[in-house]
Amino acid sequence: MLRAESTCPMSLRLFVIIGLAASTVSCKSEPKTPGVVLSARTGGSPSNSDTTVSDDGQWLRPAKDYASTRFSGLSEINTGNVKNLRVVATFSTGVVRGHEAAPVVAGNTMYIVTPYPNTVYALDLTKPGFPAKWSYDPKPEAASQGVACCDVVNRGAVFDQGRLFFNTLDDHTIALDAATGKPVWDTKLGDINTGETITMAPLVVKGKVLVGNSGGEMGVRGWLKALDERSGKVVWTAYATGPDSSVLIGSDFKPFYASDKGKDLGVSSWPPDMWKIGGGTMWGWIAYDSTLDLIYHGTANPGPWNNDVRPGDNKWTSAIFARHPETGAAVWAYQLTPHDSHDYDGINEQILIDLPINGQTRKVLVRPDRNGYMYVMDRATGEVLSAEPYGVVNSSSGVDLKTGQLHVNADKIPTVGKVVRDICPAAPGTKDWQPSAYSPRTGLIYIPRQNLCMDEEGLSANYIAGTPYVGMNVKMFAGPGGNRGVFQAWNPATGREAWSIKEDLPVWSGALVTAGDVAFYGTMEGWFKAVDARTGTLLWQFKTGSGIIGQPISYRGPDGHQYIAVLSGVGGWAGAILAGVVDPRDSSTAAGFVNAMRDLPSKTTKGGMLYVFSL
Amino acid sequence: MHSAFDPHSPQARAVAHLWWSMFAVGGVIWIAVIVAMLIAIARRGDVDFGGRKRGLTIFVAGTGIVLATFLAYDFAVGHDLAKRGAPTLTIGVTGHQWWWEIEYEDLRPSQRMVTANEIHVPTGQLIEFKLRAADVIHSFWAPNLNGKRDLIPGYASSQWFQADTPGVYRGQCAEFCGLQHAKMAFLVVAQTPTDYLAWRTASAAPHTPPADSIAATGLKVFLSSGCPLCHTIAGTDARGTVGPSLSHLASRQTLAAGTLLNTRANLMGWIVNPQALKPGVHMPAIPLKPAELNAVVTYLETLK
Amino acid sequence: MTLPADVIEREALELDRVWSDRQGFWGWLTTTDHKSIGKRYVATAFLMFVAGGIEAALMRAQLARPGNTLIGPDRYNQLFTTHGTTMMFLFAVPIMTAMGLYFVPLMVGARTVAFPRLNAFGYWTYFVGVVFLYVSLFANTAPDVGWFAYPPLSGPEYSPGHRVDVWAQVVTFTEIAALVAAVNIIVTTFKMRAPGMSLNRIPLFVWAQLVVAFMIVFAMPAVATGSTLMLAADRAITMHWFNPAEGGDVLLWQHVFWFFGHPEVYIIFLPAMGFITPIIETFTGRPVFGYTALVLSNITTAFFAFGLWVHHMFATPIPEVGQSLFTAASMVIAIPTGVQIFCWIATLWGSKPRLTVPLLFVLGFLFTFVNGGITGVMLASVAFDKQAHDTFFVVAHLHYVLLGGGVMPLFGALYFWFPKVTGRRLNETLGKWHFWLFLIGVNLTFFPMHILGLNGMPRRVYTYLAETGWGTLNLVATIGAVTIATSVIIFLIDVVMSLRGGELAGDNPWNSSGLEWATASPPPSFTFLHTPFVTGRHPLWDVKDGLPVVTGLSTRERQVLVTTTVDALPDYRHSMPSASIWPVYLALCMGVVFIGSIFSPYFVLGGLGISLLGLLGWGWSGVGERQEERVALPDGAVKVL
Amino acid sequence: MTELRREVDVAELPTVTFGPRSLMWWGTLGFMTIEGWTTAILVVSYFYLRQNFDAWPPLRTPNPSLLIPTINLLIMLVSLVPARLAADAGKRLDLAGVKRWLAVTSIVSIPIVALRWWELWALNTRWDSNAYGSAAWMIVGFHTSLLLLDVADTLGLTLFYNIREMPAKAFSDTADNSFYWYFTVGIWIPIYLIVYVGPRIV
Amino acid sequence: MKARAVLAASVILLPACEREDRRLNAVPPNPPQQFVSEVRLQPGPTEMSDTTEGPYDDNAPGTAEGQRLFSQMNCSGCHSNGGGGMGPALMDDQWIYGSRPDQIFASIAEGRPNGMPTWKYRLTTQQIWELVAYVRSLSGLTPKGARPTRSDHMMVKPANSQTPNAKPKNTVKP
């Protein structure tokens, strides 16, 4: 493992370890097509940039690579033989809450972080049955469970420089020595008493551990912090709301659209003081483009859901930021959903790819957003190149590419005392946190998503620190078609769907696609499925012990063979009916999601188990 | 201070004129009927029946003319009242059981301001009120300035007026809204535009942490008791929206929706036992020790 | 040919045996005699007037000075709601229909009402309602949301417990009673008039009752729908008529309520018009001027009354065009009322009237009611109403209208017909004290309220601040209330004393013209020995050589004469059912159904079950014995069985 | 007492009449007016509430089913025949006919009541779902109370005819009972059209 | 005889007085002093009563005030309209910390380790008792006549008055 403090450690390391690249990949050079991975496709096909190249033997971070492709270059398992997959190992996490995490594999060890109580296990992949090498129990405060809005999940750890970084529900970021499981540092970043929790998977970029908070439903103020990888000290904090100085908007800031320009918009687009409790948390995914040296992250919904009390655009909630990783200084920002009224968090993944647009290849960022649009943006400038709906959307009628404005449908905005029916997509959006995958071989994005609509009624919201600050009655139900979930393949170049698979329940797991042209995802019934990445034909499926909401990964084991791993354990927001002690007679339970999931207990049960598959 | 007889706006004046003319005509008719009745019983001697039928016709025609005149006049006044230019200021009024939430609207969201039970308006400008009910039906009525308008759940409605002269005009909820309907009043403080702006600026000013130590203790007590769960003081961590905002409470003239004059003694009494002053009000008696109470009231009094 | 005295005596004995009730409590309970029921109806309703008055007095005591703490808001709200509900539903409407149920048969020359058992059922249902409301008042469960019970305040969220349910079901009982009475009055008037009493000879009292009965038929179902089918269902079984979040509409209530509520005012006021005419005729000794005009104005008033309801909703956000229409209608209705007043003054004009107590009350009516009418026209103006609506100005207006237009004529009527009902006259001197104190009291109480209202005092407030300056006028009003109370006490003393030892009246003490004076005072159980035969509008004044009568009705059963609808030609002889316990039983079943519905829907099912038993019993006992019958077949033939 | 003078003698007049000549007919008409008017107010309220909805029936509420209501409507229409025959027999003073057709009417009316239960559920909504459900249930429910009343009346009359000797005026009551049954069926037709068919049309 | 009738009448009427009484200035009983046992197991002969009533259990205005507080104090944020979410459901038959009024009082006042905050410094005793009555009404543990029915909101669950009595089953801590 290289420990050089190179200016471009990633690409160098890749080059050395697997030597996949047909041409030299250097830090500042123009990206070239890594020929082995990418079969030549007829002209105009999209190609991945250097940021997508990664070590296919390992899986160091939940999104696999900085470009968030979740694409594995391994091709041992392919469309022809995937039907022979079988379980080679299982491991019970001992927790039966929602397992949203991705296992990470570094070297010959697999690391799992469980939902609260956030125990970390290191599994030895060299021994049969993958026994645990060590485990670490951070003992988070029990009370933190009471302020976690949507189950006590954790979305995974990240491995870097021989250390494992992960977050706990009670706002700690902890660095463990990956070999021994001993903590190196432990930094407390927030206070559960104000409603803050952390559920996201950190990302390490250029020696900074990037961590954001959760708690948009509790009236917290969202932030993204960079911690020094060695010491755990906070290097910078970028808030989502408030004056430019705290949002880290400075002279570098050059947003593309006029509506995002102005001084202290994070204050002036709010009623007095409301920005202090205005949400915009950062509990989702971060991508990094080493060429431009920019990180990309979203911000969550404004708080409270009841929009009456916060007239204005409510910047910078439900937005995308591009920042410099060293200083956090914002380079551009774009507000996807100004003055959001439907909990359309903007924290989904951004997939960084190169895409031919109008005959020229552009460095783009693809964001399947909660608000129902597949944003294709120039990741250097923040210009929206296209924004096509990829599900049923009636809460807005499109995005004006000139002004960047979302055309909100005023009829679908609930206010206090008014019930608005049939809002699509529902609060979890067309797609929630569950990350999609991108295959440079097919040029398609594989999107696990839901198909839900909802009724909403504004309620007066009272702010009490540390208690939910929502102000909305919500009742969700299946969208048109009656299926609650979809696994969809989307062609970002054409802005059209390639194929899709209807699932009865929301597809709340992440997606994985491999160079064998197989796409993997799990369903909440517990089926782990492999489909043909080009056609969507179901090739193989396996019923796990509990519903799957985790993120599947692929790695090469010590034996040189390709493995697929996924955590099974239903829960999360979608699985609240099983994760919590809820009563489905109340259709507003778990912010209305339970209404759409009443039949879940008859289809699966709680669980917490790692499954590893191989041929 | 609180009368339809004493109009201070073109709207209320038009209605007052209508009233006085109806009063005059109605009074004459009433006296005429009574006089006719008295003559009828006083006149002894069988008077002939002739002429009564014609009398009836004339009477019906006369009544019709009077009513038609009233009707025309009423329509004219109604037309005048409905006519309005663009309001220079829009104020949201939300009726709660039993207090008024007042929100000064502004196209710039950060310039919005929420207060309670006391409405400041500039004179000579048309003010529009957007009316909304948070629970049951209430009715917004400041008789010196305009007629009333109901605040009805499920309906949006509005009312407007233009105050002529500076002054303090009292208003009260006019639709029965439960236990404390009687104590749900508000004040309209009409000020010259200059004074109004000064007030507006002062009221938008951020909260300054109390300098003196008793007041500082008061703030601490305030924040650690149940108070911030229901009340907001702008600039502090108290952000409750259940009860009226207390930002700049000390600059208001009354407490508890026009129930009490804003004096130190009343404020203390109110905090210690609101149920004695306004039985059924949703505010509980706050169990504070005398020193704490003194500190809280001292602090609240700094909120000018 | 004049009837021989011995025949008369024999027939009277036979008829009395057939028509009179059994002795004792059972006879009292099971009676279907419209006179017995009418009397207890009037007495119960008057008791309710006293109860409502006591509540009013308590409220006035509370408001006598600012910041008074005599009665807290919780009790005060129960009091004013009970006051309004009592006065409107348990006093005004019942007493007006009760007067009709007693006098309409007498005035049209019938022996009883068309459906005597239904009549008894109506009274007992009403009685259940009365008991229910007052038990709830003493159990601290009286309604506290106003007699108008606007949702959402009266809805399940803001009125927990059963207080509003009590209101909704009390209303139901009075609805049933009023509707039953209305049907009875309509059919009695249409089918049981004495021969010769064609439509243009119907006494104005009966006209007024007929018109009111029709108004009841079309107005009461609206509030019954609102209270029983909508509000109670919202509260008890989670319906959503008035829940805006689920598509309900709180203004729907105001529409259905005022669609009833405004005609309600005329339901109270028009019968009073019927009292005034005979009093004026009697004491001027001349027929009223403008019979046709009075009848027509009655009917037009009734029609217009259904087109005014929105003027109670001028402050709500409803379209202005609609408001204008209702303003116009509200003003136009003043014309028929004005016509009536003109006709009465024209009748009085130079007539040397006898200024007896009944006539004094009529004059008091003119003095007071005209004031209320004029403020009514003012309130029809949308612009002015937005100032006056829901203030003491409206309180003043409605009490001027209802006390002036309803209660004053009612007092006149009670003095006028007391001799007929009891056989004894009321004391004239006490009556004059009663009148003057009442007149002064009403004006002292309610005139200041006009000023209070425009000075900003809203209705339904349990207290007010001294700073408002409303104290003095409120004190005056309270003194006025004491005056009214005194006058009513004098009246009650007068009634008790007169019942014991009042001057005997004789058949026709006032030398009046109506048929009710053609029988004894008090009337015998069979009312008329022989059904009178009518030749003009003033039967007793028209009598030249003995009252013309009809003979041939059976004296062995409760037989009445049914006549044709328009011309009142003799048509057939109808047998009336006997006294029965089933009406009482069924009224109690209604009590189980409606009171029980508050607690559980199963009471409704169970109550309906036991009601079916009652219906069967009612039907069984009403079949009667098979006897010689003459059946008029539809083809015109008569077949004797 | 005023002196009396005989003007007319009515001893020869009939004691039982049919239709508008009889008091009972008028009473029945009175209650039909009240009940019909109540139904009308409910129907107007139904349409008033409809203004608050974008779709009618509301979103995700299926249209009312037509099968059971239509079958029941047909049975009701068929039941008019024995009701009419009973009334006619009554008017002919045909005791056997009255007994026979009353019995047939009773037998036909029982499935109507039974089907009414499923007819309520055929609305495919619940009274506590939303205002649409409340209005639809209340209209049908209110009509059910009329229906129960008249069926009970028919059954009672049938029972009485079969266990005792009935006087001639019961023939008139039989005719009035049929008259009320025409009304009950008659107002059901618009209710059926408005509540069950209407949502499908608009 | 007469006295007996009066007595009988007052027995019938008293519950009504109680049920509708608006205790505007009430001094509610003191909070329970003893610690709440979280297990049902106890050595020796057992005599545990679940029938104790809270001071507002049979009081409609008090329960309604509890309903108001339940949403205004954001209880509904975690417990939804009784169905739970971040916090456990309250309308079912499972009670982690006991269903008796004093136990629920303690849960509210003292807080519970898995995220239930302590409210004793913020709410008055009376308010907590009112909340206790409302919480118990959610699962049908209070007399039906005092329970709230639907509120003027979106219909998300059956009205409390329609909720069948969910006989409590104490469960262990999750």
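Lettered A, B, C, D and E in written order, each chain numbered from 1.
Please note the rule applied: contacts are C-beta pairs under 8 Å (C-beta built on N, C-alpha and C of every residue); 3 or more make two chains touch, one makes a residue touch a chain.
These numbers come from a predicted model, not from an experiment.
Q: Which chains are in contact with both chain C and chain D?
A: Joint contacts, listed by label: A, E.
Q: Would you identify the chain whose Cα-based centre sits farthest away from the centre of chain A?
A: C
Q: Looking only at C-beta pairs that count as contacts, which pair of chains has more of them, C-E or A-D?
A: C-E
Q: Based only on mean CA positions, could you tell me how far chain D sits from chain E in angstrom?
A: Averaging C-alpha atoms per chain gives centres 47 Å apart.
Q: So what's the Cα centroid distance for chain A and chain E, whole Å?
A: Chain centres of chain A and chain E, defined by C-alpha means, are spaced 41 Å apart.
Q: Taking the mean of the C-alpha atoms as each chain's centre, how many Å separate chain A from chain C?
A: That pair's centroid distance is 74 Å.
Q: Using the touch rule from the top of the page, what residues of chain A touch 2 or more other chains?
A: 417-419, 457, 462, 464
Q: Do you know which chain C residues sit against two or more other chains?
A: Where chain C meets two or more other chains at a single residue, that happens at 72, 74, 152, 157-158, 234, 237-238, 240, 243-246, 249.
Q: Could you check chain E for residues that touch two or more other chains and list them?
A: 22, 24, 72-73, 150, 152-155, 158-159, 162
Q: Mind giving me all the chain pairs that touch?
A: Result for touching pairs of chains: A-B, A-C, A-D, A-E, B-C, B-E, C-D, C-E, D-E.
Q: So in the complex, which bits of chain C are touching chain D?
A: Those in contact with chain D are residues 1-3, 8, 114-115, 118, 179, 182-183, 186-187, 190-192, 195, 217-218, 220-222, 224-225, 229-230, 233-234, 237-241, 243-244, 246-249, 252, 255-256, 259, 507, 518-520, 529-530, 533, 540, 543, 545-553, 559, 561-562, 565, 570-575, 608, 612, 615-616, 619-620, 623-627, 629-634, 638-639, 641.
Q: Can you list the chain B residues touching chain C in their complex?
A: It is residues 1-5, 12, 14-15, 18-19, 22-23, 26, 29-30, 33-34, 36-37, 39-41, 43-47, 49, 52, 55-56, 59-60, 63-64, 67, 70-71, 73-75, 77-78, 81-82, 97, 135-137, 139, 141, 143, 146-150, 152-157, 170-183, 185, 258-259, 279-280 of chain B that touch chain C.
Q: If you look only at chain C, which of its residues touch chain E in the complex?
A: Where chain C meets chain E, its residues are 72, 74, 135-136, 138-141, 152, 155-158, 160-163, 234-238, 240, 242-246, 599-600.
Q: Write out the stretch or stretches of chain B touching chain E in their complex.
A: 153, 179, 224-226, 229-230, 242, 273, 275-276, 279-280, 282, 284-287
Q: Per the contact definition, I'd like the list of chain E residues that touch chain B in the complex.
A: Those in contact with chain B are residues 22, 24-25, 65, 68, 72-73, 121-124, 126-127, 152.
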